[in-house]
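Each of the two complexes below includes subunit A, the first together with subunit B, the second together with subunit C.
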Partner chain A sequence: MPSTSPAAERDVAGLGRARALGFVAPALVVIGVFLVFPAVWTLYLGLLDYSLTGAGAQAPTFVGLGNYTEALGDPAFTRSLGLTLVYVGGSAVLGQNVLGFALAWRLRGAGKVVRSGLTVLVLLAWILPGSVVAFLWQALLDRRGGTLNALLGTTDQAWVLDHPMWVIVVFNIWRGTAFSMLLYTAALSSVPRSHLEVARMSGASGWQQLRDVVLPTVRRHVLTNTLLITLWTFNDFSPYLLTGGGPNGASEILPVYVYREAIIGGHLGYGSAISLLLLLANLVIAVFYLRVLRGRTEAT
Partner chain B sequence: MNPVVRTLLSRVGGYVGACLLVVFFALPLLWLVLTPFTPNPTYRASLSGVTLDNFRALVDNPQVWPSIRNSLVLAGGSALLVVALAALAAYALSRVRVPGRDQLLYALLLLSSIVTGTAAMVPLFLMLFQLGLIDRQVGVVLVLTGGLLPAAVFMLKDFVDSVPRSYEESARVFGAKPNQVLRHVVLPVIRPGMATVGVWALVQVWGNFLVPYVLLANPSKQPAAVVMYTFYDAGGQPDFALISTFALVYSVPVVLLYLVVNRRYGFAFQGGIKG
Partner chain C sequence: MTRPSVVARLALCGLATSALLSGCVGAKEAGDAADPSANADAKDVTLVVSANDVKGGKNAAEAAWIEDEVIPAFVAQQKAKGVTAKVTFNGAGVEDEQYKTKLELNLRTGSGSDVFAADGIWLGELAAAGYVKPLDDVVGDAAKDWDGWDQISEAVQANLSFKDQRYGIPNGTDGRVLYVNKTLFAKAGLPADWQPTSWDEVLDAARALKKLDGVTPLQVNAGVPMGEATTAQGFLPLLAGTGAPLYDEAKGTWQGATPGVTDVLDFYRQVYGEGLGDPRMQQDKAGRDQSFAEFAQNKIGILAEGDYFWRSVICPSEEDCGATSMKNRDEVVGWAKIPAKQPGTGVGGQDFVSVSGGAGWMLSPKTKYPQQAWELMALMSSKEMQEKLSEAQIRVSARADVNAETLENDPLLSFISEQVLPITTYRPSDEAYNEVSLAIQQATADVVSGKSPQEAAATYAKSLTEAVGAEHVAGG
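Right after this comes the complex of A and B.
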């Protein structure tokens, strides 16, 4: 094969179309079967009355949009939807975002010890396995012997039972702030020092510098970060390990609701319908995210 | 307000804020650091002496090592499969021009961030149930591999793209066959990229709770992430000596791997299937 032909230029390794296809095929098959197919299948399953036990197990019947109307009529579902919004809004959009930005902003000027110490702690909260951190928080908040009660001198204060939503929101802020902090640290380092210098010389306070110089520069990063942490928090199952969705569903966010309905309750058709709603919500967030990214690469 | 007082106040405020943040982030971690070494461990994080007795609970418990082994099997199996399939695909996609390649990659990446273990729990469960793969570790490995592959292909293709084509060209000029080029030229060059992706996949699966929790029923097949929640005595009281030492042993590899990868390649480590 002459190495100067255009075909060889495109194919320096001499793979050839057929072999290249053979290289790509195994990955595509696994992705197709275990990622694409389940998502598509959900569309169909959600239209069935399909259960693991009982009448629906023998012969699934077609119920059209019945599962969706049932969901909308189920107070447990609408409550779960509301709790999910509170959880995502409170812990990710507000909590992780604001705390992550504040940490990135304040740590720039901090001493080396404070900066590296705090960074290590925040990062540890993020990289430790989910099962471990969930138990750490159980130990912290335990009703009788928990560290928090011991520190505050309160006895028999059952944090998890009395304030389940607060617990999972604060927990997720603790757990996930690291990502926002890292992203904003990188973003802030791209703000030209001279701009801040000029602002300071002309008498701008720290707050004014932030508003007039920094925020316009990192606006896109804020959007990117918010979308990513929203997507992750929305799909987060770890509150289940802390509260189990309880007491009485008071912290039952949608992932826990689906788990209880479909896997525990065996209502697979109904669970699929809810799953499809989750997938659609994910799709909206992800498409929005990609549009933001594309806008950024075109702008630069 | 007097500017001196104001500066002083804001400085004090800054310190108090920093202290509160340190307390907030450190407090839950204290238990993990102290409890494995304290005599008579409880929920409360304290150190009333130093002992290694708690680790005896770890050694004596018959579930500990099988669960760690299961974690290794799941994480190692998924990581190997992800790296092998992703490397092949990434190489071919990087070197042979296929129409619509970039769109395909983006579509797959988009899909993998949408079809999470949480959102696709029900169809995955039902599919494995009907395939007879429920309660089998190979099912968990395949599901996790499918979720991690798009991001892995994406990362590795970036890596392969940065390797000069002249390497392969010169090897072929000297008469190397495609197989030899692959084995002796390409593989050594992209090995660091494969290692990074492998570690990334390993950590993702090692920490995953939901997927094995839903797809495996038999406790003897469960990985450490799930088994940790079964260490309770008959009265429902946790076995603190066991849980604390187990949590430590189970966490240390993740922290070490993170340190290694972070030192070499910087951040951008997490993502993919979560939950």
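Right after this comes the complex of A and C.
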């Protein structure tokens, strides 16, 4: 035990408890009002049979975990969860990650014109407003006069109806790759040139350089990037603008499912319960990545 | 010594706050009996009207009517009484489901409009939630004694009534028919004055049309993206043709997986399973608009739609109807009543059936100026104003005296008024209707995407039971 009191030792800034509290109070209030309260509120609503209209709007009754058991037993929910995993895995974890890295890797050696040209194009997909992009994609994929059908010479090919999951996965890769590309471009510039030169001199092939020199250096960037795009994609609503969750629920990922249940169907309580499950899934993902991240950091 | 961690303390604070606030959900001021005489003598009146209309967009004619006719007339009327009225029109041009959600959220928070347009089928939900109140409570005697009620038939009044109390003034009504393309009919060797008397005759005509190249023979609304259109102009007219209505008022039961429901779903199977209709169009997000466009391009033989289609989608004026306008509509487009499954198997032993609905004007119980809001509604429903609206865009008004003078010039609308409205059926204004309608849409979607009618009916019955409770489901 040290001779000074533990409190004094902890109070490095010498502010005293009251003043320290004064400094963090505004932040705590903001967090409380905008984060903790809505989360707790969602938890509470999820326990009611609260609805937008009808008797359930006037006097909602307490149903306990009813909404949760209903959701877990509802095939539409489990299907939606499965579709969400496919969507996140296909478009974010694999698609955006790999394509973003590949672009960043290839562009390193490219000429200035090619590099800035491609960067602008990729960024454009990212910065355009969602509604504009959705309209462009509708024109691209339209069954009658769509650009894609015109290019391929196919007639009456309803891409959105025949391959809804492919459409939204490709759409999200196209839309979100810019972020991964930017992050990996920054990460790759942190790989010391000398390491790569030494590897080259020792006769390492391009693939070996990538595997043994570059990847170990940017490993943490990969994890951070994957964490961020996974969370974003998990909560992404924009596929609704393309497929509306259809046909017949074939592309109804969880955010769309929540929208359909809570807003169209008016089941606010049920929607809150699903939202909370979505929140939990996000937390699990975040904790998983952070664990891996921490493990890797300690190992190096 | 152990202190609760910061997280635990924060969570505790959050829980305490939410416990305090939890009374908010659903809590209503118990004693807020509306005061009809509130601000009745006010000299300055501010009112907001909202409708799913917008100039230059959806229902442009009605938006123009509100802004250019109704509001100036109301301001003048009030000015004559020494009152300064300021009325704002809050228009929208979105899908009906979205307008409905916005309306409900507005009513829930007590913000939004004093007078608003609403579809009659929403009334059950709105009233059960306490969002709207009977006119007698909000307005009082002025509404009871209004002279316009004499001109509006009981059936049309029922559109905006719930549990035998009036909640608003109907603006108009409508009816559903089968539209046919006479050019395609002639090519397929079908008669120009076609009137099928059974479902089989409809299917036979569709099979004849199928021989034509590039033509979709028959389109009956189905699927979820079509929303209420699926229920109102597809499923329900067909169900009415099997003999029993969806909702039995006397017993308080909804039809579950009954033979009638299965028959209707089997009709859908024949249409979309045999390639008589285009199932893709029923699955597409913009499917209804596509069906409009294809009909206007002479690519659809028979289309089940309401009179809205005739007056607002394929009207000859390109200015009003845009890309789907048909210059030669009056020569090319014919219509027929929707037949029962077999002659005489329709509701009440009828040979032909239809489904009608209608929107109208309601007022928010939270309005600050109930009397003036009512005066505005009454003005909108006056003979003079209703005639002006019918002039701008012909339609079936709620008022008989207006119809008598305006409908004779339009062959379809006089047909609907004379032949369809007498045999039509109305949708139940029950608070569970929206949910039942969603289950119906899903059942038709299942059949269109290839499931068997029995399977779809079973899923439907399950959703229905969840929505209304097993004791309110008939058949199975």
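Following the convention adopted for this analysis, the second predicted complex is superposed on the first by the 245 of 300 C-alpha atoms of A that agree within 3 Å, B and C clash if a C-alpha of one lies under 4 Å from a C-alpha of the other, contacts with A are read in each partner's own complex, and residues count from 1 in each chain.
To be clear about the criterion, a residue touches a chain if its C-beta (ideal position, glycine included) is under 8 Å from a C-beta of that chain, and two chains touch if they have at least 3 such contacts.
This one's a predicted model, so the numbers in the text were calculated from it and none came from an experiment.
Visitor: On the A-aligned overlay, A:G246 touches which partner chain: subunit B = first, subunit C = second, or both, or neither?
Guide: The answer is second: A:G246 touches subunit C but not subunit B.
Visitor: Once the shared chain is lined up, is A:L161 touching subunit B (first), subunit C (second), both, or neither of them?
Guide: After superposing on A, A:L161 lies in contact with subunit C but is clear of subunit B.
Visitor: For A:I264, select first, second, both or neither according to whether it touches subunit B, subunit C, the two together, or no partner.
Guide: A:I264 contacts subunit C only, not subunit B.
Visitor: Now for A:A59: first (subunit B), second (subunit C), both, or neither, which partner does it touch?
Guide: A:A59: touches subunit C, not subunit B.
Visitor: Looking at the overlay, does A:P216 come into contact with subunit B only (first), subunit C only (second), both, or neither?
Guide: A:P216: touches no partner chain.
Visitor: Quick one: classify A:A110 as touching subunit B (first), subunit C (second), both or neither.
Guide: first
Visitor: A:G146 contacts which: subunit B (first), subunit C (second), both, neither?
Guide: Only subunit B is touched by A:G146; subunit C is not.
Visitor: May I ask you to decide whether A:L136 touches subunit B, subunit C, both, or neither, giving the answer as first, second, both or neither?
Guide: Only subunit B is touched by A:L136; subunit C is not.
Visitor: Under the stated touch criterion, which partner chain does A:G203 make contact with: subunit B (first), subunit C (second), both, or neither?
Guide: In the superposition, A:G203 touches no partner, neither subunit B nor subunit C.
Visitor: Where on subunit A do subunit B and subunit C both make contact?
Guide: Residues common to the subunit A contacts of subunit C and of subunit B are 28, 36-37, 39, 41, 45, 144, 263, listed in rising order.
Visitor: Within their complex, state which residues of subunit A touch subunit B.
Guide: Residues of subunit A touching subunit B: 3, 10-17, 19-21, 23-24, 26-28, 30-31, 33-39, 41-42, 45, 103, 106, 110, 114, 117-118, 121-133, 135-140, 142, 144-148, 150, 174, 179, 182, 231-232, 235-238, 241, 255, 258-259, 262-263, 268, 271-272, 274-275, 278-279, 282-283, 286-287, 290.
Visitor: Can you list the subunit C residues touching subunit A in their complex?
Guide: Answer in residue numbers: 10-11, 13-15, 17-18, 21-22, 25-26, 28, 97, 101, 104-105, 108, 122, 124-126, 128-131, 223-225, 280, 283-285, 290, 431-432, 434-435, 438, 445-446, 448-449.
Visitor: Okay, in this complex, where on subunit A does subunit C touch?
Guide: Residues in contact with subunit C: 28, 32, 36-37, 39-41, 44-45, 48, 50, 52-60, 143-144, 158, 160-161, 243-244, 246-248, 263-266.
Visitor: If you look only at subunit B, which of its residues touch subunit A in the complex?
Guide: Spelled out, the residues of subunit B in touch with subunit A are 14, 17-18, 21-22, 24-32, 35, 42-45, 81, 85-86, 88-89, 91-93, 95-98, 106, 108, 110-127, 142-143, 145-147, 149-150, 153, 165, 168-169, 172-173, 178, 181-182, 186, 203, 206-210, 214, 224-226, 228-229, 243, 247, 250-251, 254-255, 258, 267, 269-270, 274-275.
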